[in-house]
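Common to both upcoming complexes is subunit A, partnered first by subunit B, then by subunit C.
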Partner chain A sequence: MPNLDIGLSGLQVAQAALETVGTNIANASTPGYHKQSLQIAPLDLSGQGVTVYSGVTVAGVTRSIDSLTESEILRQTPLQGQVTTELTTLQSIEQSMGSIDSQGLLTAINSFVSSMNQLASQPDSVALRQQMASAADEMAQEFNTQGQSLTDLDGQIVQDAQNTCNQANGLIDQIASLNVQVEQAVTHGNSANVLKDQRDQAVKDLAGLVNVQVDTQSSSDGMVNVVAWGTPLVLGSSALHLQASSGGDDSLILSLQGGKPLQGDLQGGTLGGLVNLKNNLVAGLKGNLDTLATQLAAQINQAHVQGIGADGSFTSLDGTKTAGGTLGSWNAGITAGNAYVRVTNVATGATEHFALRVNPATDTLNTIAGKLNALQDNGVQVLTASVADSTLHLQAAAGYQFDFSPALDSQPTTSTLSGTSSPTVSGAYTGDSDQTYTFTVHDAGGTGTVGLSTGLTLDVTNAAGELVKTLSVGGGTTGQGYAAGDPLEVDNGISVALGAGTLTDGQQFTVQALANSDPTGFLSAAGMNTFFHGDSASTLAVNQDILDDPNRIAASQGPDATGNGNIQQMASVASEPLDALGGLNPVDYYQQMVTNLGEDIQTRQARQASMTSSLQQLQQQADDVGGVDINEEGTELLQYEKMFEAASKYITTADKAMQALNDML
Partner chain B sequence: MIFPNHPNEDLLQELLAALEQEIGLLVLRKEQMSALWQSLAAHDNVAMERSLGELERTGAAQAANDRRLALALSRQAQAVGCPPDQARLGRLIAYLDPQDRLAVDRKRKQIVALVRQLRGRHMETALLLSECSRINRLLLDCLGPARQSVTLYDTQGASQWRPATGLVDTER
Partner chain C sequence: MQSRLIANLQEEAATGSRINRASDDPAAAFQVMSLQAQVQGIDDCNKNLASVSDDLAVNSSTLQQMTTTLTSAQQLLSQAASGTYQSSQRTVAAQQINSLLEQMVSLANTQNTGRYLYSGQKASTPPFAVTRVAGDITAVNYQGSQNDLSVPVAPGVQMSDLMNGANLFGSSARQAPQFLGTTGAKPGTATSSATGDLWLTVAHTATTYPQAAGVSAGDSSASDTILGDHTLTISTVNKTITLDNGTPVSYDGSESDLAVTNESGDVIHVNMTGATDGTFTVHGDGTLSTDDGQSTTQLTFADNVPVTDPATGKILYVDARNITHTGVEPVSVAGTHDVFEMLINIRDVLENKSNLTASQQSDLLNSQVAALQEVSNVVARSTTAVGAQLSSIENLKTSLSDQQDNANKETASLEDADTAQVATELAQEQTLYQMTLASAAKVLNISIMDYIT
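Let's look at the complex of A and B:
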């Protein structure tokens, strides 16, 4: 009965249409739900291909989806995910570092420098020594706090990455499972729209975590493949899981479980942000902080090693524990060359510099100890060196003291003088590099008397053989000759005085002037009379001997432990630009770190705001197409209500008219 | 058969024209009813409104034609001497010439069939309207469940009905 079939088809379609409306209303607040629409097609109930009795049938239920907008949302979501992750972490770092104007490391550095300047004005003050030790300790602790904070952050980032991988893996499993369900629905001719909506939402959630690309083209069964950074995560019904781990170089590595590390620039999503934080941003900050700490310490130590404390030279000295093995393996930048130990004969006051040959490729602490043990003064072993627990210990022989001061010896280094006049060296060498001055006697008569012989001179040449100066030490033609014992300026702060007596033509004496008694860096690395020890911001510490006895602060460079030359040099470190700090001084370097961090944060804040706004607009656009507006649906339902009422009235009236017509026939 | 009066040719043509017009309008109405029925099934509000408008205009035209037909029947009946209370087309045919009778009867049968089909369509549409209206009312209750007769659930299965909420959600 065609009429009944037509009527039934209409009822079924009407019910499906209203069911679609009902589904839309019920899912108005469901995240990711896209409004559905019924597609109606005419139905041929005659079965002969010619539509005689026109019924209707459901051709399909379609999702109202703006594919282009949804794709763009999927493209931008990972970018926002990454910038949000980076911004949150950088802001927490900025809080712990403090701003330029607030308390924190910068204040501690400035306090330490100020304490050195104050001590330089009164090097004998015990209170100022104590103040400097305390300020140094506070600065070291600030470095420790910030260094440890960044180290803890490193660990937290790895943990966050592992947790994020777990979260991503859950979504990957969900997508693969939905793929199966969609495929089954499509195969059986059922609607898969709700399943597709759920799958799209899972992909979108995944896009916040990783940089996804979705391939919908290659499958006709409704399944999609999901790829991140060129690596498949979902292939049809198969799910491949991500994992995060630390690499050998302390970097954060992403890989598939049981697979090799993902290659390339892993940008995008929370995981991309965590990788960038760990491997670049935080690593860079840590590196910069460690550089600042170690360079500041190295510069201070380099001066302090060569200075003398208020208690004078050492009779014994312990270094700090080293890494052991060859000096080159310490990673302390030790270079080949000579380090110098200055030994003082307590009874005579005579000082002598002994060269210690350092070869980092072959020398160990034990071989160095052996070389130190070989040092002798007129056949007497002056030092006893020993190594225990990778720590060097030096003990002076009875009647001797030692230090590492580059101060000039009072007597010439070498001498071939056979006359009765003796030279005395004085002053403080101010040259930038080590120098050996050779003094050669010139007298036309062969032997001259100091202060009397006309034309008696000393030619001073440097190590390059260049004539530096000619000193007149004989009598003057107008009675203004040299007075025996008067110091004569030579070069770079060095003076020499000739005692009364004779000098023989052609004979010589040399004066070795040291600019740096530790150019190899060995003494600093071994912790011999250093101010700081530690190889990073987290491990920086003031030498405990100094904290226990501030008199150990080596404020002086002079042989008699007075003066402020060394503390002045140490204080100048803070204001001198260093090559290792990019030509900046330590204070400016830290300020630049904080400023750069602030700029990084500002840039990311701007990007995040821009992306958030863009995504909101895109989402609004998508919702305009696929979203369910309850008010709109309700208004439509009310309009249907009116239409149904009007149609009912019409049919009643029309049927009566038909009856009337029937009566006429 | 005694034919006391020969029918006026003009009157016959007038009757035939009215019948022909009636057939045309009935066919049109039938198509328009099908369109209304489809728009109801498809829940197409715009098409529904358009169909109803067209049906009303066709209905008005048909009412006018029905009056014209009634007048033609009355005149014809008077012309052939048929009593006015028996002026139905089925009875009037008996008074016509055999050749005229055939033409008129054919049209009569066509109209009777169309009216039957149209009334059948009315019934189907009424049933459809009844069902659509019922579900529509149910959905409206979901949006503004003043009578608390509907319960909604969220995707976790928890009851999600919010009492005293109107059609317009001012929180959105």
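Let's look at the complex of A and C:
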């Protein structure tokens, strides 16, 4: 007896198969869709009968999935996401720095150095002074622009991170809700394939944003748990949201909403890339740029403070640093020690250095002002110092001028000489550190006359007590001895001349030679006659006084106001290696910065390229298994069409057989 | 991938540069940037070198003009010193010297592009200030900087641009002073700080007679010219009085102001009242001065009498032991002359402002010949030094331009794109790109669906 059921089962299966093929073709381009295949099994229709005839049934619809490849894709996607995010931002930074031939800041630094070198050739030229002031201003603005663009970028990154978090949170919600739907489908025995495909796609999308790990093992009900950086984001049906915020130290912090910040190395995905950009790459660049700006300014200032402008010494001067509290609290690296103010008596031209004791732990601008007010020249107060609006203001007493030049005073620092001869100091000290020279008179006769007494000498010893030189200031064969008033070279550029008169054996005078009048760094920190002010790349600026009057540029180290000693010193700063810049000079430091950025970009470009091709390969591999091949589906379409046809034929045949039987009956 | 390559190649083709960003080739980019800084540095040096070279060229030609001026002065001087000149001719020569002096001062205050060449680091201050009395220059003082303006002209090379004129136009190799007069003064053993030419005025203050001689200072004793110890011989027998080895002078014993002259022409005025017979020692006291008597030093007849000019503080040590009579002693300190002071002195001697005798004048002029030669040599030395600097500038220019060429070449080799290669690569990449697109289109085109009906 032909069983119609067999035909029916065939028809049903063929129909289901055609539907599957149809679904596959329809979803050929759906992202994340995996080809579904029908599992067909024979169906025992005979009960416990002996005769074996059976229909067919759908044993199940399975997703064609290459789990190993898919999990590898899931592992590599965050890496690619991170590298892409980093690369885009780094490239835009590089773009903003200008091309190699017109590196905005590098060109500006070089022009600034160049303007100083040129000013050194004509320190009296107002035009060249103007040029230098403009070049410095341009460089400062270039620093500002780059500093500001990095700061803006910082803000942009935080914004991006917040947007990315929102995007990720959407996906997290989607995964959690699909988890619920999958569970329902599974418990109701329905196919959850499409839902799973959707969920897999959401996980994959999420993997581009955060470094996810998917845990399918622990849940038997078809749900998946998603973990990122060790923190669960999806646990079954519950979703936990990410949020990005700026931390106290200006770092980017990721946390669960209402939870603690995520700990550890947050690598992977767009968010990982943003964290790395904000906290390492951009922060590093910003730090380097700030270091460069502040170091360059500090070095130029250190030299500038001690120089003299074309208009000579000051009668009054305003500091540029606005700050309260102790000097130590400025974080300007001020050390304890002496700063020196050089005061000139305008009438006599005599100069005197006054030591200003600086103790960053206890001194404030007010106590410094007090100490400055106490400085006296023969009982006359030489300076009036005041603090207004938290800046230091200095005013010279009538008949006096001041500056911070370390240039030698023409009179000895101390003297016990009682004879009629008086010494005069000249020259410029070229030593590297401060030195005190002691001159001791030697004369066998007790009192000698300069230029006359044979054997009259001065022994010169340095601070360490070492004999530096013996100066013969007595007479000799006619015309061969010492002529009063002739300068005698002592050491390191210092010369001493003895006036006509007598010197007494054993008496002494000392000459203090300063290498640096601001070893504590206080004067430059307080902005007394500095060139630049500002404490970061974005706040670096040339002092307004200098822009207003380029004669304020302290090109000279004295004694002449239009000398070029100091400007040469300043110009050399760009080529002096600095410890604070890792042993590089400022120009090289910036070049290194640009080169390092270039290297960062280059390695990321290479990684992105290899990552992309590797992911493409993996995707292809996955597609070979899970993708819809139209040709294959077409073939199946024909195959199941035939099956349907055949099953129909069988039913017709069976029907005819039944008819024939009926007719017989 | 291909489209990015094509974008890069297009940028290379457009800029002609292989490295447009550090990321194109970080290692080469660093070198390119360093080379650019180097080229910039060389540019600065070239600019400075050009300005120094310009200044030195003017400097050199100025010094040559000075040499010419000094040669004229030397000719004038040797003619005037020859002794054949009349005083009127000397006055004319003095005028000529004066105009040479004016010329020298104006040359010494030469400016180039508004900067004084010989003022050192005080480029905007005229280096030599003149003091004039009745239109004539009486002093030329250096008021420029003590320091040369040294300019960086090549990495690690400094060159004097604006110079200290005092060094260029004055010598500083002090020798013992020379005393050209007849007072008997000699240079002391101590070292004098006086410079150039100066006049030592040896004056008389009082003459003292031994009591035993009986005679005393006459009415006009103030105009006695003896200084130090002299021998006075009185013969009451012959009624004569003799000073040193001079001609005996007769007296009658009542003279209150008898002038007695020795063989050198020195004179004393004696009050002959109470003259006694015998040989006595008379002593003339006096003063010394180097500022025309404005300030005086007591003449002590010691070996080192310091005579100070309070205006300058400079000391002349005089060996006064052999001073016998008053006078004005020309003193010349060889090795300390400067051009201006020389010319002023020569002019003054020619004009004979100090009322010298013809022979003194001639002696002085002769002594100035050597001094003028000395300063001429100094200027000649300066000319040579500046000339040497100028020629070394030429060498520097060549070496700098070589360096610049090298740096530029190196930059080009690192940076420049090979245009032909870029074009070929660009064409290749484009073809590849098109093939990829075409094959993708083909692959997408063929499907079984085309064949199922």
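Convention: the second predicted complex is superposed on the first by the 607 of 665 C-alpha atoms of A that agree within 3 Å, B and C clash if a C-alpha of one lies under 4 Å from a C-alpha of the other, contacts with A are read in each partner's own complex, and residues count from 1 in each chain.
One rule holds for everything that comes next: a residue touches a chain if its C-beta (ideal position, glycine included) is under 8 Å from a C-beta of that chain, and two chains touch if they have at least 3 such contacts.
Quantities reported herein were computed from a predicted structural model and do not represent experimental measurements.
Visitor: Examine A:N631 and indicate which partner it touches, taking first as subunit B and second as subunit C; both and neither are also allowed.
Guide: Both: A:N631 reaches subunit B and subunit C.
Visitor: So, does A:G325 touch the first partner subunit B, the second partner subunit C, both, or neither?
Guide: Neither partner.
Visitor: For A:Q602 in the superposed arrangement: first (subunit B), second (subunit C), both or neither?
Guide: The answer is second: A:Q602 touches subunit C but not subunit B.
Visitor: Determine, for the superposed model, which of the two partners subunit B and subunit C contacts more residues of subunit A.
Guide: C
Visitor: For A:V21 in the superposed arrangement: first (subunit B), second (subunit C), both or neither?
Guide: Touch partner of A:V21: subunit B, not subunit C.
Visitor: Identify the partner contact of A:G475: answer first if only subunit B is touched, second if only subunit C is, both if each is, neither if none is.
Guide: After superposition on chain A, A:G475 lies in contact with subunit C alone.
Visitor: Kindly classify A:T449 by the partners it touches after superposition: subunit B alone (first), subunit C alone (second), both, or neither?
Guide: A:T449 sits against subunit C, while subunit B stays out of touch.
Visitor: Mind working out whether A:A646 is in touch with subunit B, subunit C, both or neither, as first, second, both or neither?
Guide: A:A646 contacts subunit B only, not subunit C.
Visitor: Where on subunit A do the contacts from subunit B and from subunit C line up?
Guide: 630-631, 634-635, 637-638
Visitor: Taking the complex as given, what residues does subunit A use to touch subunit B?
Guide: 3, 6-7, 9-11, 13-15, 17-18, 21-22, 25-26, 29-30, 38, 40, 42, 54, 56, 630-631, 633-641, 643-644, 646-648, 650-651, 653-655, 657-658, 660-665
Visitor: Which positions of subunit A touch subunit C when the two form their complex?
Guide: 91, 94-95, 99-101, 103, 106, 110-111, 113-114, 117-118, 120-124, 426, 449, 451-452, 475-486, 499-500, 556, 559-560, 562-564, 568, 571, 587-588, 591-592, 594-602, 605, 609, 612-613, 630-631, 634-635, 637-638
Visitor: Going by the contact rule at the top, pick out the subunit C residues touching subunit A in the complex.
Guide: Contacts found on subunit C: 1, 15, 17, 19-27, 29-30, 32-34, 36-37, 40-41, 43-45, 47-48, 51-52, 115, 120-124, 145-147, 149-152, 161, 174-177, 187-193, 304, 306, 308, 313-315, 317, 415, 447-449, 452.
Visitor: Which residues, counting only subunit B, touch subunit A once they are in their complex?
Guide: Against subunit A, subunit B makes touches at 22, 29, 34, 36-38, 40-43, 45, 48-49, 52, 55-56, 59, 62-63, 66, 69-70, 73, 88-90, 108, 111-112, 115, 118-122, 124-129, 131-133, 135-137, 139-140, 142-144, 152, 154-155, 167-169, 172.
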